[in-house]
Amino acid sequence: MNLLEIHQEPAVYLVLAAMLLAIGLFGFIRRNTLVGMLISGELIFGAAMLNLMAVNRFYAPDPTVGHVFVLFVMGLSAAEVAIALSIVIAVYRNYRSIRTSEISEMEG
Amino acid sequence: MNPFPASEYIIPLIFLLFAGATIGGALFAVFTKWIIRSVCGLATASVGLAGMFYFLHSPFLAMIQILIYIGAVCITIVFAIMLAEPDEPQDGYGLHSVPWNVGAGIVAVAVFWGVARLGVTGDWPTPAVRVSDGSVEMIGVALLTTQSLALEIVALILLVSILGALAVARKGRHIE
Amino acid sequence: MKNIFKEVVGGFYSLTVGMGITLREFFRKPVTVHYPRESLKMPERYRSHLIFTSDENGASTCIACNLCVKACPTDCIIVEGEKKEGEKRKSVTKYDLDFTRCSLCGACVEVCPTDAIVFSKRYNLAATDRQQFHIIDLCKDLEERNKKKAR
Amino acid sequence: MELHPVQSTGPQETFVLNLGPQHPATHGVLRVKLTMDGEFIKDAVIVAGYVHREHEKMGENRPWDQFLPNTGRIDYLSAMMYTHAYVGAIERACGIEVPPRAEYVRVITSELNRISSHLVWWGAYLLDLGGMTPLLYAFDDREKILDLLEALTGARLTYCYYRVGGLAEDLNEGFVEGTRDFVKEFRPRLKMFRRLVSENIIFRKRVEGIGIIDAEMCRKYGATGPMIRGAGIPYDVRRAEPYSVYPELDFEIPVDPAADSMSRYKVRMEEMEQSLRIIEQCLDRLPDGPVMAKVPRVLKPPEGDFCYATEAARGRFEVRIVSTGKPIAHRVRLRTPCFGNLSLFEEAARGMMLADGIAMMGSLDLVIPDIDR
Amino acid sequence: MSRCPDHLFERFQELFPAMEMDTPAPPEDSVGNEDGADAAEPRLPPPPPCRKTEHAKVGYDLDAIVEPHQIEAAAKLLDAEGFAIDMVTAVDWPDAAQFELVYDFMHFQAATRVCVRTRIPRDRPEIATLSHIYPGANWHERETAEFYGIQFTGHPNPIHLLLPEDFVGYPLRKDFKPQPDPLLEP
Amino acid sequence: MTAAEPIRLLLFLVGAATFVGLNAAYLVWVERKGAGRFQRRAGPTEVGYAGLLQPIADAGKLMSKQLIVPPGADRMLFRLAPVMMMPPAIMAFAILPFSEYLVGIDLNVGLIALFAFSSFNVIAVMLAGWSSRNKYGIISAARVVSQNVAYEIPMMLVIITILMLAGTLSLTGIVDQQAGAFWNWNLFALASNPLMPVTFIIFFVCMLSETNRAPFDMAEAESELVAGAYTEYAGMGFGVFFMAEYANIVIGCAIAVILFLGGWHSPVGVFPGVFWFLLKLYFMVFVVIWVRWTFPRTQFYGLLNLSWKILIPISIFTLLLSAVMIKLV
C-alpha cells in the first residue's frame, strides 16, 4: 500500500468505519444515560454512512445511490435526535414535575 | 477527477488529519466523563467524517454532514443536556461498572476485528462502469425519480418524528 | 388576521421612521467638544476650589477672621493669621483647604467680609494621588500667580 | 477539583444570579439577588446600602443651613427639588415669606432640572433596553439645560442654589433668553424622540404590558411620582400639597391607566412637555424684586415637627424636620421617592423573565444614592 | 386649614384618646446635648391629643398620638380608608429616655396626610410591625431598626437594609459615637 | 493536478485570514466612527489620523493581556471555544466569490458550505458560555441556541426561494445568473416573485439574528447579561470572538450581496467586479451598523414570536408563490 495514495484505498475507509462502529458500540454499552447513548448512536450512524460512501465510491456502478442512502441515514439520525430530545424533556418533566408551563410559553 | 487536486504530500497529510479527527473525536466522545465534552467529541468526529466524504468525491455530502451534525444534531443534544442533565457528574455517573466496561471493550474490539477483517479481505467486485458522476443534480434527479421511495420515507419519518416529538414533549407540559 | 397585517406593516414603518431619524443625525455635525484640543469657557459663576483675590499690591485681603471656617459645613478650611506691626487688621499667614472634603457649597465665599476668597475657574483638576487634594495652599497659590504675573 | 458550570442550588434547580453591585442595568451600585429558574425570576432580593452616607445624621450635627449642600447629593439628578424641600421645611417652620421672584426662579430651575432628570432616565432606559443612541441624543439636550444651570448656579449637578428664604444669587444675564431658546428647541426634539422611540415597534413590544404595578400596589408600598401616575391616579405633590407658586400655574398632571412600563414611560415623556409649559408661564410672569427674604443669621426654627414635600423627578420627596428651637436640627428625616418605588420591585419582579425584569427596573427610574442616602 | 376629613378625625379621637404617658425625668447618665445650658430645657414636649393641624404650617393634616399597642389598629383603620404609607421613622429623645415613632400616611385622592406617633421606652424598644398591612413598611422598619435599634416584632426580614451586615451600633441614636475609619485618615 | 493549486489555495487562505483580521479591526473602527456619527459625536480621533490606528492599538492591548481562565471553568472547552469560532469563518472566505476571478474554491455546493461553516458559530458561542462557569454565560448559551434554531428555518426557506430561481448551489452560478443590469438582480426579480423585496428583508432579519447583531443580540445583551457568553474572556480570547463576529457579519452581508444584489455585477458598467462587490458588501455592513445604532434590543420571546409567527409564514408563502410563478412564467 502506497502511503501517498492512502486516500485512494477502499480498505482504509472500511477499517475506519469499522473502528468508528466499534467505538460507537463501546460507548453505547458503556453509557447509561439517554444523551450519552444518543451520542454513541450518532457515531454508529457515522460509521454506517462512511461505509456506505466508501463502497459507493469504489465499487458501485451508480454513485447517486450511495448519496441517497447517506442522506437517508442523515434524515434518520436527525429524526432520531428530535425524538430523543422530546423524550428527554418529557422524562425530565415527569421526573422533576416542575417548571412545566413556563419554559415553552413564549407568548409573552 | 479528484476534487481536491494537490501535491503528493499535502493530500495524505490532510487525509490523515481528518481520519485522526474522526477516530480521536469518537474516542473522546466515548471516554470523557462530561457529557458536554462528549458532544464536542461528536462534533469533531463529524468534521472528520465530513473530510472523509470530501475525499470520497462528495463535497455535497461533506457540507451536508457539517450542516446537519454540527448545526442540528449537536445543537439539539446540547439543548437536551441543558434541559435535563444533572450538573455535577458524580463519580461513575452516566457509566456502568468496571466489569461492564471491560465487557463493552471486548465486544467493541471483537466487532472491530470482525468488521475490519470483512472489509479488508472481502471479495469486492471490481468497479463497474460509472453511469453517472454523482453530482448534486444527479442526486436530485435520482431522489425524485428512481430513488423517490427513499425521499418519501425520510420525509414521512421526519414528519412522524416531529409530530411524535411534539406529542411527547407537549404531554409533559400538563403534568404539574 | 387584519390586525396582524396592520401590526407588521405599521411596525415596519415605525422602524423605517427610526432609521430615517438616525440617518439624518448621521449627516449632521457632531455636537461634542474635543476636550484636550478645545475647551469650553467656564461660566462666571463656576465653582471650583477657592482662591484668594488680591489687592493692587498682590497681597491677599484676608483678615483671618475665621468666619469661613465657622461657616464651612465640612470643616475643610484651616486659617491662621497674625497681626503685623503697624497694621490695623490681621493678615493671613496660612490658608489651607482640604479639597477632599470640600463640597463647593459656597458658604465661605458668602460670609467673607472682605471678599478675599472666590471660586476659581480651574476645572481640569486631575491627579494621580489623593494626597494632592488634601491640602490646597491658597497663600502659595497666590504667590505663584503673582510670580507668573510679574514675568 | 473540576467543577461543572451550573451549580444546582436545590431540588427546584434554581440558581442565584447576582445582578450587581456592578451591573450595567442597575445604574449604580445596587445589588439584586435574583433566584432564577432558567430565565424566569423566581425571587428577587434587593441588597442596598452600597452608597449609604448617613445624610440624616449629618443633618443632626450641623447648623440648619449648613446641611444645604447635602440635599443636592441625595438624588444628584434632581438636586433642585431636594434642596427646595429642605429649605421649604425650614421656611415653613420659621414662617419665612419667600419673595415671589425667588419662588418663580425656584419653579423654573426645578422644572428645568426635572426635564434634565427625565432625559437621563429616558436615555438610560433605552440603554437598558439595548438602544444606545437615544442616550446620546438625550444628553445632547440635557447638556443645554446643564449649561443654563451651570451659568446660573456654578455647578452642573449639585447646585446648592436655594437658600433658606430665597436664592443664593439672582438670575444671571442671558438665563431667561437661554431658557426661552431651550424651550423652543426642545419641543421638536421631544417630537423626534417620540418618533424615534415611543412609536418604535421593538420598543413597544419590550415595554407594553411588562411590569404591571397597579395603584393598589403603589399604595401599599408608598410608591409615588410617575409610578402612581402611570397607574392612573393623578397624584402629584405640586397639586395635592401645593407649594411655591404651583397653584398659580396652569399645567396638567399626565396619567396613564395601563400601569405597565409603557405607561410610566408615557407619563414621563408627557411630564417633560408639561414642564416646558410651566417654564414658559413662569418666564412670562417672572416678577422683579429681591430674591432673598430677611432671614436671621442663625436659624432657630420653633419647636415641633415640620414636613415639606416636593414633587421630585422620581416622586414625592419629603423632608421632616424635628426642631427643638436650637440652631442645630434634632432630626432630619428624608423621605426619598426611590426608596418606596424600589421596595415593590421584589414583589413585582416575581415570575418575570430576566429581560422584562430589567425593563421594569429601568421604568422605576432609580437613582441609587436616593435609596441609600 | 386642615384638609383632614372629619369622620377620620372623629374615628381617631374615639379610638385613640390622648395617650397617658408620663415623661420620666432624664436619667443621670443620659447623653444629652454637649453644652449644659440647653440640658435644662424640657426636650420632649408632653404628648398632645389627637388634633387637626394646618397643612400649610406643618405639612400634615392630622397629628395623632396612639399607644404603642394601638399602632396596628391605627394602620388598619388608615388602610381601610385608602391611605398609602409615606414613611416610618423614629426620633430619639434621650432626655426622656424615649423613642418617638412617627408613621406618616398620605392619601392619593384626598390629598390628606396623617401623622401617627407613638412613644416607646428607650431601654425596651419594641413595637409591632406594620409590614403585613403595608408591605412598604417593611423597608422603612428595617431602616429604623438598624439605625435606632428598635425591634419590630413580627417583622419578616429583620436584617440590615442600608448598613453593612456586620455593622455594630445604632448610628442615629444621639449617643452614637462613630469609630474613625483608619483607612480614611490622611 | 498541479502543485500550484494547493499553494494558490493556501495563499488564498492566508489572504483570507489577513483580510478577516484587518477587516474585523477596521470594522470596529467603522462601527465606532459610525456610532459616533449616528450619535453626533466624533468617535475615535486620537490614535493616528481620525483614529485610524485605534484598532491596531486595541489589538495590541488585547494581545498583550493575560488569558484568564476562571477557576471552576471547564478549561479545555473554555480554550477550545474561540478556536472553534475562527477557522470556519476564514474557510467561508475561501468560498466567497469576490469577483469572477477572485475566488478561492469555486465549490459547486458553495451555498451549503457557507451555511455549514456558519453553524460552527452557534456551537462555539454555546460552548464559550457553557464552559466559563458563569451564570450569565449559561443564560447566553441557552439563548443563542434557541435563537439560531428559530432563525435558520425562515433563512433556509428564503434561500430555497433563491435556489429555485438560480437552479444551482454554486455561488458563482447564482451571481452569473444575475448578470446584466441591476433589474436582473434577484432583489428585483419581481417577475418570478413579486414579493422578492420582502424576501430580502426576511433574509436580512435572519442574517442579523444569525450573526447576533442588534437588535437581536440576545447572546451578549450587555444590559442584561453583561457580555453574555464572553463575560469571562479576556485578552485575545475575547479578541478572537470579536474578530469572528465581524467576520460573520461580513460573510452574512456577502451572502446577501451574492443572493440578492448581483454579486460583483455592476449596476452601471465600468469598474472591476471586486470594486462593486466590496461596495455592495460594505453598504450592507453599513446598514447593519445603522440598524444597530437605531433600535433597542428585542425581547427574547419577541424574537421567537417574530420568527415563528411572522417570518416563517411569510417565507413559506413567498416560497410557494415563487414556485408557482416559476412554473407559470
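Note that the chains take the letters A, B, C, D, E and F in the order they are written out, and that residue 1 is the start of every chain.
In this section, contacts are C-beta pairs under 8 Å (C-beta built on N, C-alpha and C of every residue); 3 or more make two chains touch, one makes a residue touch a chain.
Here the structure is a predicted model, which means the values were calculated and not measured.
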Centroid-based (C-alpha) most distant chain relative to subunit B: E
Chain whose Cα centroid lies at the greatest distance from that of subunit F: E
Chain pair, D-E or B-F, that carries the greater number of C-beta contacts: D-E
Centre-to-centre distance between subunit B and subunit A (centres being mean Cα positions), rounded to whole Å: 4
Between subunit E and subunit F, centroid-to-centroid distance (C-alpha), Å: 63
Inter-centroid spacing, subunit F versus subunit C (mean Cα positions, whole Å): 49
Whole-Å separation of chain centres (CA-atom averages), subunit D against subunit F: 43
Residues within subunit D bordering two or more other chains: 3-6, 38, 133, 137, 140, 196-197, 200, 202, 205
Multi-partner residues of subunit C (at least 2 other chains): 12, 15, 18, 21-22, 25, 31
For subunit E, residues that touch 2 or more chains besides their own: none
Residues on subunit F engaged by subunit D in the complex (per definition of touch): 35, 38-41, 72-74, 130-139, 142-143, 214-215, 217, 221-226, 293-302
For the subunit A and subunit B complex, residues of the former touching the latter: 3-7, 10-27, 29-36, 38-40, 42-43, 46, 49-51, 53-72, 74-94, 97, 100-101, 104
Subunit E-facing residues of subunit D, complex: 48-49, 52, 54, 56-57, 60, 89, 92, 215, 218-223, 228, 233, 235, 239-241, 303-309, 316, 318, 320, 322, 324-326, 330-331, 333, 335, 339-340, 343-344, 347, 372-373
In the complex with subunit D, residue positions of subunit C that touch it: 7, 10-12, 14-15, 17-18, 21-22, 25, 31, 43-47, 71-73, 103-107, 110, 119
Residues of subunit B defined as touching subunit A within the complex: 8-9, 11-12, 15-16, 19, 22-23, 26-27, 29-30, 35, 38-39, 41-42, 45-46, 49, 52-53, 55-58, 60-61, 64-65, 68-69, 72-73, 76-77, 79-81, 83-85, 93-96, 100-101, 103-105, 107-109, 111-112, 115-116, 119-120, 122, 124-134, 138-139, 141-143, 147, 150-151, 153-154, 157-158, 160-162, 164-169, 171-176
